[in-house]
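A, B, C and D label the chains in the order they appear, each numbered from 1.
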Amino acid sequence: MDRKRVAGPELSVAPLVEYPVDRKCWIPQKDHRHDASRQPEDMRPIYLKTGLINQANGSAYIELEKTKIACGVYGPRSVKRVGQGFSGHGVLNCEIKFATFSCAKRRTNVRDPQEKNLSLIISQALTPAVRLDLLPKSAIDVYITVLESDGISSCLSAAITAASAALAHAGIEMLDLVAACSASYIPTGPSITATESAGSIASSPPQIFMDADLEEEKHEQGSIVLAYMPSRNEVTHVLQSGKAEGAIISQSVEHCVEACNKIYAVMHHALLESITENKSV
Amino acid sequence: MTSVADAVVPGQRLGHVQEYAPGAGTYLHQDFLYASVVGLKQISQSSSNELPTLSVQRENSQSAIPEIDAIVTCKVVRVNPRFASVSIMVVDGKPCTDDFQGIIRVQDVRATEKDKVKIYNSFRPGDIVRAQVISLGDARSYYLSTAANEYGVIFGTSVAGGSLIPISWQEMQCTKTKIIELRKCAKPM
Amino acid sequence: MPSLISPAERDFILKGIECNIRADGRQRPDFREVILETGVVSQTSGSARVRIAGGTDILVSVKAEIGPVQVDPETGDGADKGQIICSVECAPSASQQFEGRGADDLNNELTQMMTRILSNTSATSSSASSAAGINLSKLCIIPGQQCWILYVDALVLDYGGNLMDAIFMGTRAAIFDTRIPKTEVQDLGDGQFEFEVLDDAEDTDIVDGREDMPICITLNKIGARHIVDASPLEELCTEAKLVVAVNRSGELCGLQKGQDGGIEPSLLLEMIQFGKTIGQSLIKQLDAMIKAEADSDLGKRQRGEPIHKLGFFAQ
Amino acid sequence: MSRVELLSPEGLRVDGRRPEELRKITSTTAVLSQADGSAYLEHGNTKVLAAVYGPREARHRALVLHDRAILNVEFNVAPFSTGERRRRTKNDKRLLEMASFVKQTFEPVVITTLYPRSQIDIYLQIIQHDGGTLQACINAATMALIDAGIAMTDYVCACTAGWVEREPALDLNHIEESSDTSEVTIAMLPKSGKVTLVQMESRLHVDKLEDVLSLAGKGCKHIHQVIDKTIRDRAEELARKMAV
């Protein structure tokens, strides 16, 4: 038992949650997504807002339907860890934490290896964009909290996007904003079942679904997350897993770059909005 | 009055290097100027022959960090015969969110007769000091100097607890007890 | 393991790479000589030692143990599958920086990368289709209950650059060397099963699908160019690196960017393509090496000669 | 549990050795590129890799001794080294104890006063475990220290001996170790015959102790010959290379 948490009352009742009526299993089909209103190349609508955490120097909140992530940026502040020696460059520390209630399975409060690894990926994706050469001996801390997760790939990409917006909001000098996007390759076909696809390679090329949600992720053969600086035209991170043909990869990289440009527009808008809001106050 | 149309975000292209000179909040990449912070674009014409300077006024300024030649206001934390340790609170008039550590070494206290300087007769813990950053220092602290007239103690309390007022460049007097204490005083600016 | 590089040295390496000449005389797409041996640790199900001329020395062991199956609560997958659990450990003998807890971050990064590419269940994918090519279903003993768990442990003994590629070469060779005892399942009725591990050293299973195991190629972007198999000094000059995992049929099995630099999309695609080509030819070479070793062992066994492994004494 | 027959009626042990026989020892030095000195030693099926760094600047300033070097020993056990796969954490008490044994063994032998204010690191990696890890580690560390060119008054050779059923036996393997035999490990300076380490964790009758100790001493002498040969061969090879 977790003694650090306050336990619920002894006589507790399960909350009455109305589950959607049609919890029927989604079977991947060509051009038919889990969310029927979306086309394969469509992303979920993005809600991005900066400046929601007053304590932080900069902050951002992002929501892609069921994916909800908050991010706070603190610093630049003096490097706390002594013993690393003098450094002419600043350091960007990123830390991602999944809230205990964010996934279907309860997550623990301690950082697990997956979170450590994602933190590393996020800092690798953001470092090329931040002008750390201007911040000697300093550190910037980026704390990301995943409130609700709907697929790990989309979480990671949303986290990168949000963190980059929060850094810009904190007034930290950056070369460019970083937009990130995910895509999944899902084998489609009338009769493919999960067991078959595991053993043999699907005959038809898999379909690329942009910004896949959890339900789609369960069926995927592989996925890619791409972080990109749109106006510099530079990829800052790419992470792909699962088996795929070279052609699929290049196609999905192109799709992702395109999608990142769209996300950039959203980020641009959100940051400008924060300026106008400040003006009106 | 600036309008929202002048608002820019990092990575936005602002102009060609032949049109403008890069100012604060911008950077140069392959002959083009780009914004590096979120804020409002400003163009200032300095002199007639030079290019106008293009800068971006930060919307949400980042917390100040000390840099070389910056004038800082700091508080003395502890002293020893070799140096005084201070924590830097304000850099160039901008407050720091988080204190930075600095030291004023004995040879950096004043410009003349350096060998006669006694740290204990220059600073006491609790004094507020104006100083200049001379080096980024080592991994731990910035190196500061008070070797100029306008740098030194600007506020302090006496042993008795009264506030001190400067009476010469190296003496301060307690307002309560009229006892004179030794300090490296800053010239009022 | 050096941790700092002087500007002059960096400039030397940078300009050399621009002219397609590297400090050790190689060209940009050249690998260093790889020495591969299998069956070096007798207490394991399979083991391999990989050395890259110039330092890197990695010991990979595979241990097959019986354990309960892991079922994903969200998808219900995995009831009929075995598991692969990877871990990488950098020994302090490789570098003084790995003393104490110094290697923890690197261990975690390498372990996660290996896990992602081999068992493909962490980080970005919840699907159970094995990208590593290994048929996990064959590792299952009793569906829903017991399965073989392959523990893949890589031990970095010496550091001479390009750890990731060496780890994957070693893992592939160790999996090739792995022999899993056969099992006999008895149905006791009403859903009860019992199994017995057959204790016959000669009659064992190989890991199914081992030919489809990927290897990875690390491409280091230095300046506007990219190189493979970087030496430690070249790694310090690297702005961005790209790890491309590829199998023998040229399919990509994983892709990850590392380090703190950016890559243009067109260059990225070029690098992926390049990594794929290099990777395929490297797999051919490795397979030939593994086969040659296996053939000579077999030949010796038939002739009744003792099999003498080079072991750790080959310099 | 049925007791394993450790000594056959003919007086042979489980692996076919006679009681006073050592397992095969093979060793080599300079196996690693990064370390200042390194050695690899196979003692039967026990395989150990030793790396020596230093003398170099001490990592922690607080530990610096102004008149001599400090020795630092770190133990690492590969997860696959034992029959059952097991991960050991860095601060496993057993490993720390082993490390301190090795440290105490070498402190009187390494001429630390020649390297004041510095640190010598000995990293030991156990790749395969089949009994007698401590002796193998000490022998490997000796070779690695010599390879690193660190001044020592003498070799340190370690050997175990135990009382197996009815007579003393040299160099116990894993089966003998784990079946409740009393075992003594000694580390000896072969030239002077001085002992720098005696370690025993089980019960042994005092009358039997002398037999066991003298047997272990003989073992040490033998081990000395083996590793001395490796070192000399290496040195000759090096001299040949330098002459060319």
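Here, contacts are C-beta pairs under 8 Å (C-beta built on N, C-alpha and C of every residue); 3 or more make two chains touch, one makes a residue touch a chain.
Not measured: the values here are computed from a predicted model.
Number of steps on the shortest path from chain A to chain C, with steps defined by chain touch: 1.
Ranked by C-beta contact pairs, the top pair of chains is A-C.
The geometric centre of chain A is 52 Å away from that of chain D, both derived from CA atoms.
One inter-chain figure worth recording: chain B and chain D are separated by 60 Å, centre to centre, where each centre is the mean of the chain's CA atoms. Averaging Cα coordinates per chain places chain A and chain B 39 Å apart. Here the chains touching each other pair up as A-B, A-C, C-D. If you check the complex, the residues on chain C that touch chain A are 73-75, 77, 105, 108-109, 111-112, 116-117, 120, 122-131, 133, 135-137, 240, 242, 247, 250-265, 268-269, 272-273, 276. Residues 51, 57-58, 74-79, 82-88, 129, 131, 135-138, 168-177, 229-232, 267-268, 271-272, 274-276, 278-279 of chain A are the ones touching chain B in the complex. Within the complex formed with chain C, the residues of chain D that make contact are 26, 28, 31-35, 38, 40, 42, 45, 47, 49-51, 53, 56, 59, 74, 76, 78-85, 87, 90, 121, 123, 125, 127-129. Of all residues in chain B, those touching chain A in their complex are 4, 7, 9-13, 25, 27, 29, 34, 36-40, 58-63, 65, 67, 97-101, 136-140, 142.
Looking at the complex, you find that chain C touches chain D at residues 1, 41-44, 47, 54-55, 57, 59, 61, 63, 65, 87, 89, 91-96, 99-101, 151, 153, 155, 157-160, 311-313, 315.
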